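Structures for review follow.
In the two complexes that follow, subunit A is the common piece, with subunit B as its partner first and subunit C second.
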Partner chain A sequence: MSLSAVRDEPAPTAAERVSDAARLTVPYLLVVPGLLFVLGVLGYAVAGGFWLSLHETDMFMAKTFVGLQNYIDVFNDPRFQSSLWRTIVFVIMSIVLGIMMSMIFALTLYHVGFGKRFFRGMSLVPYFVSGIAAAIMFRFVFTTSGGFVNQVLSVLGLHQPSWLGDPVLAFIVAVLANCWFMVPFATLILLGGLQTVDRDIYDAATIDGAGAVQTFFKITIPMIKPMLGVSLIWVSYISFSTFDIILALTAGGPQRATEVVSMYMYQLAFLQLDFGQGAVLMVVLLTFNTVLSLVYIYYFILADRRHGREL
Partner chain B sequence: MATLTSPSGAARREVSAIGRPPSLLDHLLRRFGRAILIGIPLAFLVIWTMVPIIWALLASLKDPLEIYESTTFLPRDPSLRAYWAVLGMDGFPRWMFNSILVTVVATIVPLILSILAAYAFAKYLFPFRHVLLLMYLIPRIIPRVSLIVPLNDLMTDLGLINTYWVLYLTYIASAVPLATWILVGFFKAVPKEIEESATIDGANMWNRLRYVILPIAWPGVVTAAVLCIREGWNEFAFVLALVTETGMRTLPYALYMMRDAMGVQDFAIYNAFTILTVLPLLLVYLLLERRVVESIVSGAVK
Partner chain C sequence: MAEGYVEYRGLKKSFGATPILHGIDLKIDEGAFVVLVGPSGCGKSTLLRMTAGLEGVTEGQIRIAGNVVNRVHASKRGIAMVFQSYALYPHMSVNENLAFSLKMRKAPLERITDAIKGAAGILQLSPLLERLPAQLSGGQRQRVAMGRALVREPAVFLFDEPLSNLDAKLRVEMRAEIKALHQRLATTTIYVTHDQIEAMTMADTVVVMHDGRIEQVGEPLAIYDRPENLFVADFLGSPAMNLLDGKVVATDFADQPRAVEVTDGVLLPIPSEAEAEVGQSVVYGIRPEHVQLVAPDAGEPVTMTLVEPAGWETHLHADLKGISLRILSVERVGAKPGDKAAILIDPERVHLFDRATGRRL
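And now, the complex of A and B:
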């Protein structure tokens, strides 16, 4: 998802010399069909969402312009405020835990001596499990009677909590399910980064007396910064827009403990049929995610290119 | 052991080379330490990744009452009863058909559109190409769930709610940026000399694309196809927002609705349903696993 291609110059080919007319029209003819879908559906949806957020919808779906009234209502709504804080905590916990796990898994897959291909292939399996299925699987792992975790705890003779009935524990299970779903892709991106680091650099560091921890933070991390940026974008994109996992895992409960912004948006728009306020939440989600992605792109990917290092 | 497989391995070798010669005991200890250092996270990786899937699989083979008992891990008397029950469900064949149909359309159409667009972006210099490419890329950072409110409004106005068209349109639109982005990278990697010699031999654009670019960039096409299949098969937010009729559901939506639909909780059936929705995509992945993993690790998919 980096913007590197935007800056690269496409290689000119013989095709360009065929004729001026063809050169002028052919690329546009190739690009336009796909763009019609992208702009027609996604572009419309974004523009329509902004427009909708400035209108009030009555029960006959007639719209009246209300200016920023929806924004004022939403930002003063305590339920929105707590869902926003919950989302921020959810995203931060998911990013920290997710990136730590991805890094540990990537280092493990990098160093593992046998069955390399098998473990790599297996580690990506959750990426292909739908969010709904992942959530249902996690419900059965953490369900009170008959769940895997509680069954293990019972064998060990330990206390078996009601994971999905307790607000704090349910929130943690939601973070774990989210990590299960998003860590595999980030792991392979980081593994790709580790493989690009020249081994000679590690040898040089060792001769200079650097320990393993020092080598990791002073050499490995800076060298794989672009891939770290890509996995950060992926992890925070998934966490901000997490919806199917929470809907099928807890449906926002217990006692709204897992009601993140996307859940509340669904509530407002599709159950309370308040499209205007739902659209305000869309604008909030979109803004947060875009700003965060641009920050990552700037700091991790573009900032390096200014110093002439190739991604 | 003393191969340069790891920074830590190299470190230990260096230290021992400076100090006394390594004894057999040192060697074994180092080997053992390394095995633990890799073995523990590896075991955690395997357990973490596989437990949810295997637990669902085991539960689907159990007797419904046995699932509630916290005494057994393995099914006492494994049976496929739950799977037959799911396959015999009223809506199941229709949901499976819907999922397959929508996924096939939402893979083939975006692939064709993206191959054309990616060819233009990779091989032509034309005014506004940066702006146009940005328009293709920016949708990749827009959370899909955030679009469901305006899309529902638009599709209601167009009268497309509860049609296949609404799923085709939205799924194609979200797959095109993904596939284009992957393919631009693979197409750019095709050396322009090969293409030029084809041009000299009289090949026009279509023939160059078909006989030169696509065969060389085939791993990219396969990767893009698998990721389009994944998007289409697992998509949930759009189908939830744009479809209300039972007969128009896809498998993830039908799986979600199982939660409310079953009065008596038969968790074996629930788990069997989950496994059956996940299995077809996992089979596609297993068939093409090597290409997909290679593409992601090499940084071609972002």
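And now, the complex of A and C:
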């Protein structure tokens, strides 16, 4: 039999051709509005901010191109340098504390049997409270005279420090408030990760003689690595960009002890009306966030041995 | 009475108020290959997990090598388990998977290396040692799971439906591999499956379970040939045994004084030794392969309703005065639906059960 004998399929009709073309293009067309929206809002703002950082502006928003002068000025500004270091310490403390708390909560919620849905729902509540409201609640809790913590300390007959007046303590309270706000979502991500682990694997580890600690470090952590990466991105991003909580809690004080980069950016751009230098700080924050996120994505998500990928 | 190597005494299990096992008594000899078989929800996996130490005991005793292990930790029972999902550690290479239990036991490096080498040799895993589970085929993962059990040098192997996730061809291959492994190591093995072919082909002893109880224990062919009750009769065998409701009646034939009337005017022969009284309501059981097809006037007339040629055998469905019968022929039968034929039944192949109790008569 010659090959031509099988070629009796009729040529596609015009309608079939249109429908084939539609099948290929429609998915892309459906993505376009979302893409435009993200690019329009985010892309425009980022590009605009970067453009602004190369200019000097006066109070009437008249721009003069100054090249990298704003960057040179900002990096030589001791107030920026100390706010950057403060931010890095703030982020590290928030990551360590935040991830530890999220992990503990996620493990607790994973194992809780009675009232599972109630507790899972409740654990998300802080996330729905705005940063400002959270900060005001923390002020009530940590106010020197009449604050909840100091009342407890006074009942116990202990020293009652000035939480928001002492530079070190105020910094710690800011970290706590930040964690309080961001931990629920990170908990949810980690809980999702824990739930994907096949229970048989834990059973196998039990039979293999792994104790709770060994199981956690040798099985659980590697198994939820991608989720850990996602929650790290979340926690780092929120901590680097934190603004509302600090503004309402300490407004950068006392003695600039809690003035992180985003606070200083607000100070420069909206109080001193130096938008160019404010924009430089935006670029700095964006760079930190992007680089850190890429590192997390590389180490925690791309290099996932579970899918047969190694570094 | 001699003790079994693995022994259950009055073993009960409840999850909350729901009883799962109602009192299991069973002795498993050292070196035996025992298959627990039954439909889903019969408690076979629970029994296995209790043996492994992954589930607690509600009442009764589990003994391994003479010791009660009810409260002994899973890792100290001398067992190794192969899971249906393989349960390999996905972030560890084959080598690391095999080494894990020994590392947890703080075994010396030399001993770990030797154990891995041994297991890898037996299961042909040597070229795969550096791979990750995601880079293995289903059959290879299954072998790694067995290797992980092997390196522990357990006193008892536990298999929980290990072949369910494999395709049909691989399942047949792995079945033979597991059996060969058992013949080589002679380690006591408890194997859970819902697949009766696995149960029949692999076991020294089959334990048929149903609703948290043991229905029958015995050698595979013995159980197949003499099921003790209706459940076992119905569960083992594919296609399943024909089970026909009927009543014992007296006949005029000297050599067959009793028969079972399964429908108006249709009398089927029964074994002479069957302890059934005239008038008793019974279930008449005959395996499809024991229904003989003969020429239309040489037996009880039937009409063919469905013919399923499988190649190596033919499955037929026939209508016997309103009763549907399954017939299995090892020959190729050229019948078509609507064809007339007749059947003959050898009374010695008939299984008779009391309809009220389900027990064999």
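Simple rule for what comes next: the second predicted complex is superposed on the first by the 267 of 311 C-alpha atoms of A that agree within 3 Å, B and C clash if a C-alpha of one lies under 4 Å from a C-alpha of the other, contacts with A are read in each partner's own complex, and residues count from 1 in each chain.
Going forward, a contact is a pair of C-beta atoms (placed from the backbone, for glycine too) under 8 Å apart; a residue touches a chain by one contact, two chains touch by 3 or more.
Please read all numbers here as calculations on a predicted model, not as lab measurements.
By the document's definition of touching, of the two partners only subunit B reaches A:Pro126; subunit C does not. More residues of subunit A are touched by B (comparison of subunit B with subunit C). Contact with both subunit B and subunit C is seen for A:Ile207 once the two complexes are overlaid on the shared chain.
Note: residues 203, 205-207 of subunit A belong to the subunit B contact set and to the subunit C contact set alike, using the contact criterion stated above.
Within the complex formed with subunit B, the subunit A residues making contact are 1-3, 5-6, 8-16, 18, 23-24, 26-28, 30-31, 33-35, 37-46, 48-49, 51-52, 61, 101, 104-105, 107-109, 111-113, 117, 119-134, 136-138, 140-141, 145-146, 148, 150-151, 154, 160, 180, 184-185, 188-189, 191-193, 195, 199, 202-203, 205-207, 211-212, 215-216, 220, 227, 230, 233, 237, 240-241, 243-244, 247-248, 262, 265-266, 269-270, 275, 278-279, 281-282, 285-286, 289-290, 293. Within the complex formed with subunit A, the residues of subunit C that make contact are 49, 52-54, 74-76, 79-81, 83-92, 100-101, 104-105, 132-135, 148, 152. By the touch criterion stated above, subunit B contacts subunit A in their complex at residues 4-8, 10-11, 14, 37-38, 41-42, 45-46, 48-53, 55-56, 59, 67-70, 73, 110, 113-114, 116-117, 119-126, 129-130, 132-137, 139-154, 156, 169-170, 172-174, 176-177, 180-181, 184-185, 188, 192, 195-196, 199-200, 205, 208, 230, 233-234, 236-237, 241, 252-253, 255-256, 259, 267, 270-271, 274, 277-278, 281-282, 285-286, 289-290, 292-293, 296-299, 302.
Within the complex formed with subunit C, the subunit A residues making contact are 198, 200-201, 203-210, 214, 218-219, 222-223, 225, 304-308, 310.
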